[in-house]
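The structure under discussion is supplied below as structure tokens; questions concerning it will follow.
In this document, chain identifiers A, B, C and D correspond to the written order of the chains, with residue numbering beginning at 1 in each.
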Amino acid sequence: MTEPRYDFRSDNVGGAAPEILEAVVAAASGTAAPYGDDDYTRSMNRQFAALFEREVQVFPLSSGTGSNSVALASLANRYGAIYCHETSHINVYECGAPEFFTGAKLVGLPGRDCKLQPEVLDEALALAGRGNPTRVQPFALNLTQPTDFGTLYRPAEVAALCEVAHRHGLRVHMDGARFANAIAALGCSPAELTWRAGVDVLSLGATKNGAINAEAVVVFDPAAAREIPFLMKRGGQVLSKARFVSAQLARYVADDRWLERAAAANAHAAWLARALTALPGVSLVAPVEINMLFLRMPQAAVAALDRGPFHFYKLGRDLRFVCRHDQEPEGMDALVHCVREALAVDAGRAAS
Amino acid sequence: MTEPRYDFRSDNVGGAAPEILEAVVAAASGTAAPYGDDDYTRSMNRQFAALFEREVQVFPLSSGTGSNSVALASLANRYGAIYCHETSHINVYECGAPEFFTGAKLVGLPGRDCKLQPEVLDEALALAGRGNPTRVQPFALNLTQPTDFGTLYRPAEVAALCEVAHRHGLRVHMDGARFANAIAALGCSPAELTWRAGVDVLSLGATKNGAINAEAVVVFDPAAAREIPFLMKRGGQVLSKARFVSAQLARYVADDRWLERAAAANAHAAWLARALTALPGVSLVAPVEINMLFLRMPQAAVAALDRGPFHFYKLGRDLRFVCRHDQEPEGMDALVHCVREALAVDAGRAAS
Amino acid sequence: MTEPRYDFRSDNVGGAAPEILEAVVAAASGTAAPYGDDDYTRSMNRQFAALFEREVQVFPLSSGTGSNSVALASLANRYGAIYCHETSHINVYECGAPEFFTGAKLVGLPGRDCKLQPEVLDEALALAGRGNPTRVQPFALNLTQPTDFGTLYRPAEVAALCEVAHRHGLRVHMDGARFANAIAALGCSPAELTWRAGVDVLSLGATKNGAINAEAVVVFDPAAAREIPFLMKRGGQVLSKARFVSAQLARYVADDRWLERAAAANAHAAWLARALTALPGVSLVAPVEINMLFLRMPQAAVAALDRGPFHFYKLGRDLRFVCRHDQEPEGMDALVHCVREALAVDAGRAAS
Amino acid sequence: MTEPRYDFRSDNVGGAAPEILEAVVAAASGTAAPYGDDDYTRSMNRQFAALFEREVQVFPLSSGTGSNSVALASLANRYGAIYCHETSHINVYECGAPEFFTGAKLVGLPGRDCKLQPEVLDEALALAGRGNPTRVQPFALNLTQPTDFGTLYRPAEVAALCEVAHRHGLRVHMDGARFANAIAALGCSPAELTWRAGVDVLSLGATKNGAINAEAVVVFDPAAAREIPFLMKRGGQVLSKARFVSAQLARYVADDRWLERAAAANAHAAWLARALTALPGVSLVAPVEINMLFLRMPQAAVAALDRGPFHFYKLGRDLRFVCRHDQEPEGMDALVHCVREALAVDAGRAAS
């Protein structure tokens, strides 16, 4: 078996962007107060305020799961429910961390292309038993943007879901682990996609787009922010040398490179999608809107990929490929070639 | 008021050691599997095995509080108690994180110089009500080494406490946030101070000694290790790009620089202790064994320090100074000078 | 509005059976050790062993929610999942208590008539990600028997589901809040319906069938029983004067009256189902197998019931009626009469 | 060995008072809404309002541990601390239930005769680090009244402690498992001992004084009451047939029998204390203010008691005896006789 050289498993297999690394090196000398009470963190806060065109409170941390869990905990009651899509990352891939930090039940709703629909949410919340002590009480809506299948909510779609949530007394958390890819694809402003559409708290991830374990809880509601320092400390999410994350985050949004990288990754995925779906028997499981592809293809092609120099994930019958901004062109070519050849051989066999 | 230039608050106000920074930069290119399933982490594990002279399982994370909490959770039952010194870090300064991760009650015992005594522990455990369902059931002993007051357990002292703990059915966790300072001061091997003396799980911190948010849970008991990946994920402690912590940890123990830095920091504190306690009315609250000093001094001196270019912490009546390996010599001189002058003026006033 | 006189809301609106009350009175004199370490509890344990034709360990408590939660906690890991039907009582009507006691996520599966199907369970567990630290790890299957819609699993159905669960490493909890109604309806032995079919822990409720807040956790697996006293105490489920519950439980199963009462309640529901579904436009939502009916009927009939001397529950469009063994015959007649009249008037209006 | 006939272990070894049993029997016929939404519970609420001379909200439950835990949870933040005496029941004998329900750390303070002192509390709270995210944030003071050693706080002592607590932003919970014994001994009104002195929530126990698993959470602060139905359900503390507890509680406070029983039990303990401490070498560990004695006596007397027809508890070197209102006079005589004889023989031996 060939040692895999081309890694399509996830964008977090990548390294660090040059300017991010420079920011880390620059932060490495001198002293700074620990635990986020430092000038790097204050400066980063100002920069996020500029990015989001309003006052925000931003908390730096190292784990995306931690970021989601703290954000949700800041909204939680103690006998509550978080509504989310049944395939959402918090519901499937965080080993119960959101439940652990909040004590809540996650209620997963169905919805095409991994997206929640306002009317489905509305009906579910109408039946949730508000005020009935035998029922958990909904406090938050989670929107994973982009979704775990790489699909996107438009600002108007976010707004429609937030309207339903707010009307039922819920606040809205956006899991933006790939927020950059969403902004790059939609071409809207961070403000439009979040607080202007009704989002209360955002988990903005930088790690998957060139940072080194740098995540941010971005709070638009000051009341929710008040308890976060305690919830973070209790959850082991406060960093001793927080400046190293804050310095990255400040640099990350200082110019457009984060969006350029995300756009490049998105473009790679679009190219791959076109090339692969041109082949017979290869189909998309979900629309390709960012840097992720979910595909189905004949077993012969899957087997060939398994033998080839590729890393990728299988989810049941689906194959998942994620592109990084610096995805190797020869890797993408090799991937398409591998599938094409396998299908040709297969077709030849069937014909003979 | 002068802007503080000399920071004695903690060793985590420092930056990053050069070789650590190099390791981060070196890890920044190429791809690697996420979540700790990468070659950097495997290599780091081998290096720790060499350091500890036996097989170990090491989990990289970014938070010292997270490290303590995960380590304790790996030992926990669900109706349990952790015995510790009443002043221990986990009992006082982690906002209940160990309780949150374990569900346990922390039982703080008294003891001179912040150190637990075997006979006090033995008596407390004898009265703990093993098997009685109205009582929480002890599962772990926490040793903070060095203690929060900068004192040290000798290997024989660790062994005596571990013997008591094991005899009562507890396992032993060592909180080694400043493990380097302990090893440097005691001159023993890491093995002697831990598993050879009976320690089951070690939280080894590198952050306070030149690393960038790099901590390790070092497990000597393979059974305890089995559940840790799940406990870490559920606690938001798994890092997406774990390689950046593993690369630091591997470099950290690759040669003796970690111990040289710790020895330098310890020496600075010893020098300061000698210089300051030579002044009238200045006394130590606890022996100075590592890089921390706890002092009491006349109010005039405290007031002068408050006016001076210094950062330091007050704990009730005590002043805490912590030295870094790269503590500025002029800062230490200024500190001694400031106290000496204030006391001289004060003595002059009293004499006049 | 007429003051409701006929109560069909639930079987727990009823009082106490005569022999149960006698058992309470008999237990009221003399002394007994507290917290379940008494002769009443030991004697009750022996009686349950006889009933189940094997050694069991039985824990008396007062809350059905507490009973389910403790039973599930006895099986739990700390990063786990409980599989259940999406409509199951533990998933919908216990305000998150099972999650609170276990720390687990509840995974609700679909299935006709509120019943789980082995192949659906098998497929879900196959995709659950056993051993993958990003995924919660399944540890228990919950069977609600009878289901919340009053349907029943046959012993062979229980066995098939237990086989799937055990094959995937889960243990099985049966929520038997109306266990008597199930046994009375199925005519099988308690052993056949539980451990012989593979059930590991049973929550057996007596309250809904004539007892006074008397519930039992019946453990077939001694290993699961070992931690229960601690889990109960920590959960506030240990009774100071446990003898008053144990005395009831012992009397409850001492002869066949519990089954006679359950059979009477079941018969009442069957009679009502026949009488009501004979009326035009009245249909069953689920088969009537025990003492519960779920019906849909024209709005005119619902409105008439709302005006009449009846208590009952609405679940969305469905009406729920539950019968007690001592349901008043005139109340059942009045119910049928009310619906019949309303529909006749309605039909008259439509015809005119 | 003689089979123990005289039980001094606790007052919860007793049965049920006649009028309590009558109330249970009277509640056993007819229907009533489940889960506390019934006329018995409403009527009980009115009766407690009369007893406490103000509006209150009272929640019936079956477990004293549950009552304490729910009461404390109603006051809790999610990163909090409960201050209490180090020997308090919630800190020692509830297997961590208060921690489980609240997520809080219990901070045990020392104090003579198991009583907290205002100045000790004040100093501890001043050092608690309000607002510092590394420290748990105090939210409640627990007063165990009577204490676990049978001592009492006077109303003025309660008021002084409440003043300190409120000044530091804490609310006050009184654990009144033996509230009747306190009222009977102090001769004050329930209002004087609770809300007039500053208590916010009271756990009032009736079980130890003649009731059958009947406890009440009495809430003086309506804001704290709002979340209790959810906290109770989530904690498995809601009773299906709550009327059976409410009926007991209503009857319990309907006349003065509860206080007469408590006074009788207190008098028995006072008589025993006088008789036993008149013997050589027998001394009290704590003042006898209610129905509990803590004694030390020569080993010969302890050995004789062990051989005699007595049940009692040993706590280290101390012997604990608790009297019930219906404690058998011959049992008390036999106890004194046994100790006297043993000491006489012992003295004879020493003299010979």
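Simple rule for what comes next: a residue touches a chain if its C-beta (ideal position, glycine included) is under 8 Å from a C-beta of that chain, and two chains touch if they have at least 3 such contacts.
Note that the coordinates shown come from a computational prediction; the quantities given were computed from them, not determined experimentally.
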Chains touching both chain A and chain B: C, D
Maximum centroid distance from chain C, chain identifier (CA atoms): B
For chain A paired with chain C, centre-to-centre distance based on mean C-alpha positions, whole Å: 41
Rounded Å distance between chain B and chain C, as computed from the means of their C-alpha atoms: 52
Chain B, residues touching no fewer than two other chains: 79, 94-96, 100, 133-134, 230, 233-234, 238
Chain D to chain C touching residues, read off their complex: 7, 9-10, 12-16, 21, 24-25, 27-34, 62-67, 69-70, 94-97, 100-101, 207-208, 212-213, 230, 233-241, 244-245
Chain A - residues contacting chain C, complex: 79-81, 92-96, 99-100, 103-106, 127, 133-136, 316
Interface residues, chain D side, partner chain A - complex: 35, 73, 77-79, 133-134, 137, 227, 229-234, 238
